[in-house]
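Down below are the structures I want you to see.
The following pair of complexes shares a single chain, chain A, combined with chain B in the former and chain C in the latter.
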Partner chain A sequence: MIEILFYILSTITLGSATLTVLSKNPIHSALWLVVSFFSLAGHYILLNSQFLGMVHIMVYSGAIMILMLFTIMLMNLNISHEVSKPFFTKLVATVAFCLVGILMLTIVMRGNQAYNIEYSSTGEDFQSVSVLGKVLLNEYVMPFEMVAVLLLLAMIGAVLISKKDKTEKEA
Partner chain B sequence: MENVIEIIGIEKYIYLSIILFCIGVLGILYRRNAIVMFMCIEIMLNSANMLLVAFSTFHQDAEGQVFVFFTMAVAAAEVAVGLAILVTIYRNIGSIDIDKLKNLKG
Partner chain C sequence: MNTLIAIGVLAVLVLIAEIINLRKLVIPMTIVGLLGILGYTVCHIDVEVSYYNNMFITKKFSNAFTSLFIALTIFLVALSKDFYQTQFSKIADYISLKLFLLMGAICMVCFGNMAMFFLGLEILSITLYILCGSDRTNIKSNEAAMKYFLLGSFASGIVLFGIALVYGATSSFDIAEIITITSQGTLPIWYSLGVVMIIVGMLFKIAAVPFHFWAPDVYQGAPTLTTAMMSTLVKVAAVATLYKLSFHLLRQMPEGYTTAIVVITILTMSVGNIIALRQDDMKRLLAYSGISHAGFMMMALTALSTSASNLFYYAAAYAVAGIGAFTVVLAVTKGKDNQLIQQFSGLGKRSPIMALVLSVSLLSMGGIPIFAGFFGKFFLFSQAVDNGFITLVIFGVINSFISIYYYLKVIVTMYTQNEVTEETQITVPLSYKVVGIAAVLINIIIGLCPSILLGLFK
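And then the complex of A and B:
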């Protein structure tokens, strides 16, 4: 049952990611990417980390995709007028895709499989919200505060970069 | 609840995340639209995130998931600044086709 669920979710993830790459219209790409993110959240919930699944849906589907869709609409790109790359470049891209995939799969399959051990779960609680919160605010409290500063700086930077120049407007 | 890794096996998650990462690489090389390239970067980041969560479940340790939180925050900051840069480029050039950005070419 769980295995079937895993295969269905994996098919949705890979298929919608491929359609993201291959769609001509940027809006369709963004919508397929939302589907891919939802199936990834399903993977997280399948791995019994429900809190992370919810955060993933909120941050990616809620915040990042809205930002991208608004940018696409701001630039009026919903009509696809993208000139596609020449055939040779596409061929090279596909060959590189196959080579990278084969290389990584071969390394994983033929390497020293450190994870291939007798495995059994101890049944200990390690991924509920209370445990995550304790780890985050005890051991990792310094990186946590740094992330807060990073987000603030990113916001200030985005506003500064996309602000119109006043002198340019007057001229 | 039983551990999913016992039923499915960690290696299937590794294969899935490798293929997802390669799709992201293909998108970066294949497209000319800068926004779609950003989306492909998100796909690659997500494949790494999924592997972190899978191994966190495998080792039964919460620290992998903490790193996923940090990755998500960095991804959000990157998208905000990157899209601001794209808007500025669009305002100056009138297009976000990356092949038109060759002012540095000698």
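And then the complex of A and C:
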């Protein structure tokens, strides 16, 4: 059952990643990337990393994609603006990509050293959200609050920089 | 811990004051609040407690530096009213950002866990990026913010990588636990690698020499009050953190490490001073002099176990002198788009008080006796001699002489050229005068009785 799910998810991931690269329209690329990110989150959940999966959806599929879409729209990257690159550049890019691919494949094939990492078993499932929440709000409560301060000041800063000057009105 | 919470509450109160339209109250309220917090911290300077599973540890060292940071913030907030006159509607944002920055600085000297250290560092840096770019219609301010942001993020990244490597070697973020583990068995090589990466990141933050290239441009481009903050509060906080990190983490380091630190110290002092000789912009001059002062403060790293009080004294003397000097720079260059040294010509006639404040501050930075800067240098030098770092001290003395040359250049300009025309007349706001005179008084008082500060550590 899990194996079938894994294969379905992998197909979606690889397919949408390929489409991201191949689409002509940058907006379509970005949307395919969202699909790819969602299926990656599925992989995390399959590996029992619920928290990581949720964070992946929130941060990558949500925030980062919005950022990328904004950039694409603000810079007005359309198909018409795309400069077609010379043949030589394409050739060099292909060769470079193939070499890197071969290098990585060789490394993976040769990697036959087995690592035995012994985790001490505490009987608790640290991947689950509830355990993580308890750790975060007991042991790490102070860093948690400081992160809140950090986010607050980043927000104030964004408002400060973008706020309209009232000086012209008052003067 | 109560100090930190109180500052956080104060920052939120400032924001609430903006909501209910009490902007006029913001600065008086902040100053009174910070004075109260300063009193509380000084009264509890001997309390050594750890809070929240060793996340936050107060010791004499961290309490003393916390008090210094709060005192500096009081000065900087007092200068804010006149500096932000033209954008008074944003005053609450600026003040609350300064208070958050103070919280970051306090976390950096009181951390008991690497997570707290990194968060403190990030709170401090991100606030500074914002403040650097806050003058958004000025292209120089944008440039400063961009440069500082890009390079600073890299430095933070390096620090974070270092923390990860240290965690990999010791499997703990907790400082006390790291100390126990490092003092027991041998550690994998990446422990020292991680420590070096953390130290390198901090050297970037204090602008030590191979990593100093951002400092002059950022100091020049940022709004002057932010520059004042960077060269006093932030520099002192970074040096104190570097000292604390070195104190806790430097075990099982390779033998060449001390040599490397000595070389960097000498380079930092010399390069900063020699380039400062050629500057004609006051803010750049102070930036380079700040680089060389970072070098002087790094001397404390050669005698980690005993130099905490000397470092604190030097940091206090340097920061107070910096506040004095920048107060005058703020007053003189108000409404002008550059800070050339020529603008200070004839200041002795135009505003004798400000000229006096600037002279005392610069002489103190140069190390002329009875001012605090002299004793700061004296203590650090004698400590280094005791520990056998003669070369370091020789370079330090030579650099003190060089620095007096360019400080005197500014003072001579102020007192010799007497061209008082209509347009060079300046009006100095009351708050600048108060802050300047207070800085000079503190400078002389701690110069005359160094035991006030040194005694805190006994």
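The definition used in the following text is that the second predicted complex is superposed on the first by the 115 of 171 C-alpha atoms of A that agree within 3 Å, B and C clash if a C-alpha of one lies under 4 Å from a C-alpha of the other, contacts with A are read in each partner's own complex, and residues count from 1 in each chain.
Here is the rule we use: contacts are C-beta pairs under 8 Å (C-beta built on N, C-alpha and C of every residue); 3 or more make two chains touch, one makes a residue touch a chain.
Since the structure is predicted, the reported quantities are computational estimates derived from the model, not experimental observations.
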First, second, both or neither for A:6, with chain B first and chain C second: first
First, second, both or neither for A:154, with chain B first and chain C second: both
Touching partner for A:126 - first (chain B), second (chain C), both, neither: first
Contacts of A:33 with chain B and chain C, given as first, second, both or neither: first
Partner chain in contact with A:141 - chain B first, chain C second, else both or neither: second
Chain C versus chain B, contacts on chain A by residue: B
Set intersection of chain A contacts, chain C complex versus chain B complex: 139-140, 143, 147, 150, 153-154, 157, 159, 161
In the complex, chain C residues that touch chain A: 8, 15, 51-53, 55-56, 86-87, 89-90, 93-94, 96-97, 100, 103, 107, 113, 115-116, 119-120, 122-123, 126-127, 129-130, 133-134, 136
Residues of chain A that touch chain C when the two form their complex: 139-143, 146-147, 149-150, 152-154, 156-157, 159-161, 163, 165-167
Interfacial residue positions of chain A with respect to chain B in the complex: 2-3, 6, 10, 13-14, 17-18, 20-21, 26, 29-30, 33, 36-37, 40, 43-44, 46-49, 52, 55-56, 59-60, 63-64, 67-68, 71-72, 74-75, 77, 82-85, 89-90, 92-94, 96-97, 100-101, 104-105, 108, 113, 115-116, 119-122, 124, 126-127, 131-132, 135-136, 139-140, 143, 147, 150-151, 153-155, 157-159, 161-162, 164
Complex contact set, residues of chain B against chain A: 1-8, 10-12, 14-16, 18-27, 29-33, 35-36, 38-40, 42-43, 46, 49-50, 53-58, 60-63, 65-66, 68-70, 72-81, 83-88, 90-91, 96-97, 99
